[in-house]
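What follows are several structures.
You will see two complexes here that share chain A, one where it goes with chain B and one where it goes with chain C.
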Partner chain A sequence: MPGLILFGLLIMLPILLTIVYSFFKISFLTNQFDYVGFKNFLKLLHKKDFYNSLQIVLTLTIIAVIFSNLIGIIFAKLFNKNNKIFIVLRVLIFTPFILSPIVVGYTFSSILTDKGILNQFLNFFSITHDISWLGDSKYALISISIALCWQLVAFCTVIYLACLKNIPSELEDAVNIDGANNIQKFRYLDWPLLAPALTINTVVILISSFKLYDRVLALTGGGPGRSTETISMLIIRTAFNENRVGFASSMSLILLILSGITTFVALIYLGKREVTI
Partner chain B sequence: MFLINKLNKIKYLISILVFISIFPFATNAKDQIELDFMVFETPNLPAEFWDDAIARTVAEFPEYKINKIVPPNVGTMGDYLKQLQATDQFPDVMMSNFAVAEFIEAGLLLPYEDSDLVRFVDPVGLGLTNGKQYALPQLTVVESLMFYNKDMFSKAGISGEPETWEQLEDAAAKLKSNNLTPFIVGGAAGDSWAAAWPLMDLVALNVTGKDKDFLKNLKNGSGDFSNPLMEDSINAYSDLVSKGWTNSTALSLNYSELQQTFLNGDGAMYPMGGFFAGAVPLDHPFEIGVFAIPALDGNSRLVTYTSGGPAVSANTEYPEEARKFAVEFATNVATNADDLFRDAHIPNNKNFDLERDMKGYDIHPLIFEIIEILQTPNYQHVPFFTFEVGDDALVSGMQAEVFANSQEILSGKSTSEIIENLNNKLAELQ
Partner chain C sequence: MSYKRIIISVLLSMIFLFPLYMIFINSFKFELDIINNPAALPDIYTFKNYLNIFSRSDQLFTKSLLNSVLFTSLSIIFVLILSSTLAFSMYFLSNRVQNIIFIFLLLGLILPTPIILIPVFTILKFFKLNNTVVGLVLFFSAYYLPFGTLVFKGFLKNVPKEMIEASFIDGANFYICYYKIVLPVMKPAAASIIIITGTWVWNDFLNPLILLGPLQGTTVTVGLYRMVGQYSVNFGELFAFMVLISLPVIIAYLFLQKYFIEGLMAGSGK
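The block that comes next holds the complex of A and B.
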């Protein structure tokens, strides 16, 4: 019972309030609270900024799902050894994930600013002229995805490593006796058995990317202009800068539905790939 | 019996705890006036400045206890206040370094009495709302200033300070042909307000300072940003970018890096408010000059901001005391002097005497030059765009859009796209 009360207060109540608020015109400044029906949702259909933010979030999500999983698998395969060094490395690789996203944001901003470590490194080897990694809208989204993937790779690696460790040695022995090379071993043994890890990682990445806020705030603040403004940032701006809490709630609700559907589809689709030993 | 004894003991314990917890409040309610005071910190006005200023004000009023609140970023002070209001933590007193108009409209600020304003040289400042002042006109900042590197000007063969927009463009062309970056502009992430500075000046000088009905029309829905004066102002800013006259680093510099870029000698001109003068060391390696940014039509206008003092919450528990604190804070001569020295904020205090009160301060000559510009008789003083109050205030929520679109100008977006963005947001907010 106490668990149910806590769940109701901390999870269900805010969701229900968001649903209720999305049908009202609300301003915390003037304490305005007028029922407007579906007007907020209709307005959302014509809001260019919302589509822009949706596109940004989807781009970041696709990049994060592909690269975090890919690099995570590579790292997991490389670190899946019983040597002491690799045991230490396995602990270290998880470190980025335990850092606060805002800390990661500021750390990357010191690396990616015009006079930052990356440009100094590139200049040292005369590789390129100064690139404005955060100030040029062509590169800003890429820079954010790098910071995002850096943190998510840590999580993916650990999950894949745990999964690799669970592959029975008998199966590996059988594959070795059959004379499979490394690619064949990965294709026919590791990849099918890593399916549960892929599901977990993909779902976690989807959820993290859809609600992305703090790293972007620290890196670009949504700029230049609105070129990296995620939906969460747009929601905060609409609610607190423009005093349109009801409209912002309708965006939150759409975001919740979108991330819910995407996660559900991913779970069903990826779940089908999972095999049991 | 044992249970009764235990309950009695608990009862006594609770009584003692209740007495202890109530006692300090009982005495505090009588003796201590606790006020939450929001200030802002910048490189020129660090924590130490505010702590000293608060200490000076409360020195003669020991009954005051001031809790200093600092927003995460000076440019987002208004947003932070809205978050505090939404969570019932609106401060009692706040420095009005944000667009106050929407807070006045929402009834969140307390109007000052006429008696509170007698100490100010100009009691009106940015303007009145329904005949009332809501933010003390503590200081004047000259906003439309162009600081310039005198060495670079002489290297490019520029003899005098530009007095018209055409002369400014000629100077920029000469600098560029001498492989010098003519303008240092920018403002990244949370400092988008800095990127908007030239646009806010250009619009104030050429649109709102010229067409008195422009903002009123925006407010009542009879006008929008598709206006030839507005187009000219945006074009003037975007031309500086498209001609390659601005620094390529514009959108990756935060405010302090932007300031430092000019101080490092990476560019010849720096459009910024007078407060920049407070950041120039007396022994700076090159000489810096200053002139007023010319209006596009050749008329003499100067963008000024006379306000910036404390505003008081309409819901404060201590309205009289909060107003008294605000007035004392804004007119403390020692604080005014420190503020002028550090941030070139020109005091609007009748009791302040430049010669007498600045003794002991090594003031940068630039500050005197700015005061001279402010006192030049033929200038029409116009309010700073996006910071207006009263009937002439910009529609609430538009300021952030102006800031973001200024970054878009620096990214190379066209004037028509900028105007379309501003019109879309205006339609949404109306």
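The block that comes next holds the complex of A and C.
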């Protein structure tokens, strides 16, 4: 099984090395490699940038999980009809997801830039005036969430649609005969039957949010200041720009534990919902 | 048929897909037109932006394109071979061993790459494969192996056990059975993996940026980043560049969209 050897060498070994590296002080430039015990983690406790990045990633994750799922369900329910128009819409709605995140980043940066189309639109209708969507730390995080959710909504919609297709029409007829209203129909029929899709979507959203890098780089570069710097950006900057490889590895390890626990908890918790139905 | 539903759906989709429209339409405009009327159709259509990209003196676009085509196709071939053989081999293992491998694959599937990029970089450097296409292809093959294996495993369930057992009784060995029975059945799985991993590898930015070396190597995404970094941004050329590098993926998706979605569902264990 040559696949497993390659997988072991380039995925599993690196995970082990990340753990090892985080106890060392390493520099690529001077070939320094000194054991420092828990020093990196102690330093991490006082590293403001790290808390800042953690907070940014967690905020973005929560926003993405809620909004992508919500809008995804709305789109899916809306498009779930076998009419030519809806078939075309179902195909088109997925396109944002297949674009490169860096393309998405530059696309939204041209929309959200100070003289960009969003501000032109808002100014024209006198809703707001000249908000700096990317340059003001109050709005920069919102801008990034929009670019992130745009792609994830596309994904969620398609997965929910695939799941809705599997709901037998007899069930829907039965519910209609029982005289359920729309809210009851959603609550007792669609919501439980969409559980598998919710699991897939949430896990994919979690993974995308934890590794968030390209879109932010293209949109704000982590700025203004460090107000939108994600953990991935902080790790890469610390390792490759500041050449503090061991210290960056200790952050990687924390991110690994955090993303691992979150994803597995989501998988188990949401997976259980599927079984009980 | 309710018309209200159609109108609402079309309207929402138009808002949702507006960014796509905007990149496309603005790639045919002159710079001043883009800044003044970003949403309008062009007054005068121009292909100047596209011509400029192809005729750049540093050949950034053509080099990037060639590189991306090369390592995307190589990665796809590697992932196909490695994951289909792994999925088929797992078929013969005890449930216990299968589950252990499965958990490791799952770990690989949910792993954010920035976590392992530093050690991957040092390992590739150890084998003198850093800053090479081979190194990057090997990394992509390893990284997408879990996804490929899960998709193939999902499709393998549809092959009757009796069929495989019968072929062994008839004297086929592992490779004959794999080639004659398993491969034909897994054609849809292969189509899914080609389109999905192809898209992911093509679109990836951070991994090639680090593993090909921040200064030398280039891919379509890294090329885009370089173009923006080099000069003050010419929006028309930026949009044209983005259209050109997104077009292959969009066309592939439109032709193979059925496999795209089936593959995503199969890869997530459904």
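Keep this in mind: the second predicted complex is superposed on the first by the 274 of 277 C-alpha atoms of A that agree within 3 Å, B and C clash if a C-alpha of one lies under 4 Å from a C-alpha of the other, contacts with A are read in each partner's own complex, and residues count from 1 in each chain.
Quick note on the criterion: contacts are C-beta pairs under 8 Å (C-beta built on N, C-alpha and C of every residue); 3 or more make two chains touch, one makes a residue touch a chain.
Predicted, not measured: the structure shown is a model, and the values here were computed from it.
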Contacts of A:240 with chain B and chain C, given as first, second, both or neither: both
Partner chain(s) touched by A:27 [first = chain B, second = chain C, both, neither]: first
Contact breadth on chain A, by residue count: chain C or chain B: C
Touched partner set for A:219, first chain B, second chain C, both or neither: first
Partner chain in contact with A:184 - chain B first, chain C second, else both or neither: neither
Touched partner set for A:11, first chain B, second chain C, both or neither: second
Overlap of chain C and chain B interfaces on chain A (superposed complexes): 217-218, 240, 245
Footprint of chain A on chain B - complex, ascending: 78-79, 82-83, 85-86, 102-103, 105-108, 186, 188-190, 192, 248-253, 257, 396-397, 400, 404-405, 407-408, 410-411, 413, 424, 428-429
Chain A contact footprint on chain C (complex, rising order): 1, 5-6, 8-10, 12-13, 16-17, 19-20, 22-23, 26, 35, 38-39, 82-83, 85-86, 89, 101, 104-105, 107-108, 110-120, 122-123, 138-139, 141-143, 145-146, 149, 199, 202-206, 210, 214, 220-221, 224-225, 228, 235, 238-239, 242, 245-246, 249-250, 253-254, 257, 260-261, 264-265, 268, 270
List of chain A residues in touch with chain C within their complex: 1-4, 6-7, 9-15, 17-18, 21, 75, 78-79, 81, 83, 85-86, 89, 91-96, 98-104, 106-108, 110-111, 115-117, 120-121, 150, 153, 158-159, 162, 196, 200, 203-204, 206-207, 210-211, 213-214, 217-218, 231-232, 235-236, 239-240, 245, 248-249, 252-253, 255-256, 259-260, 263
Touching residues on chain A, where the partner in the complex is chain B: 27-30, 43, 47-48, 109, 113-114, 130, 132-137, 217-227, 237, 240-245
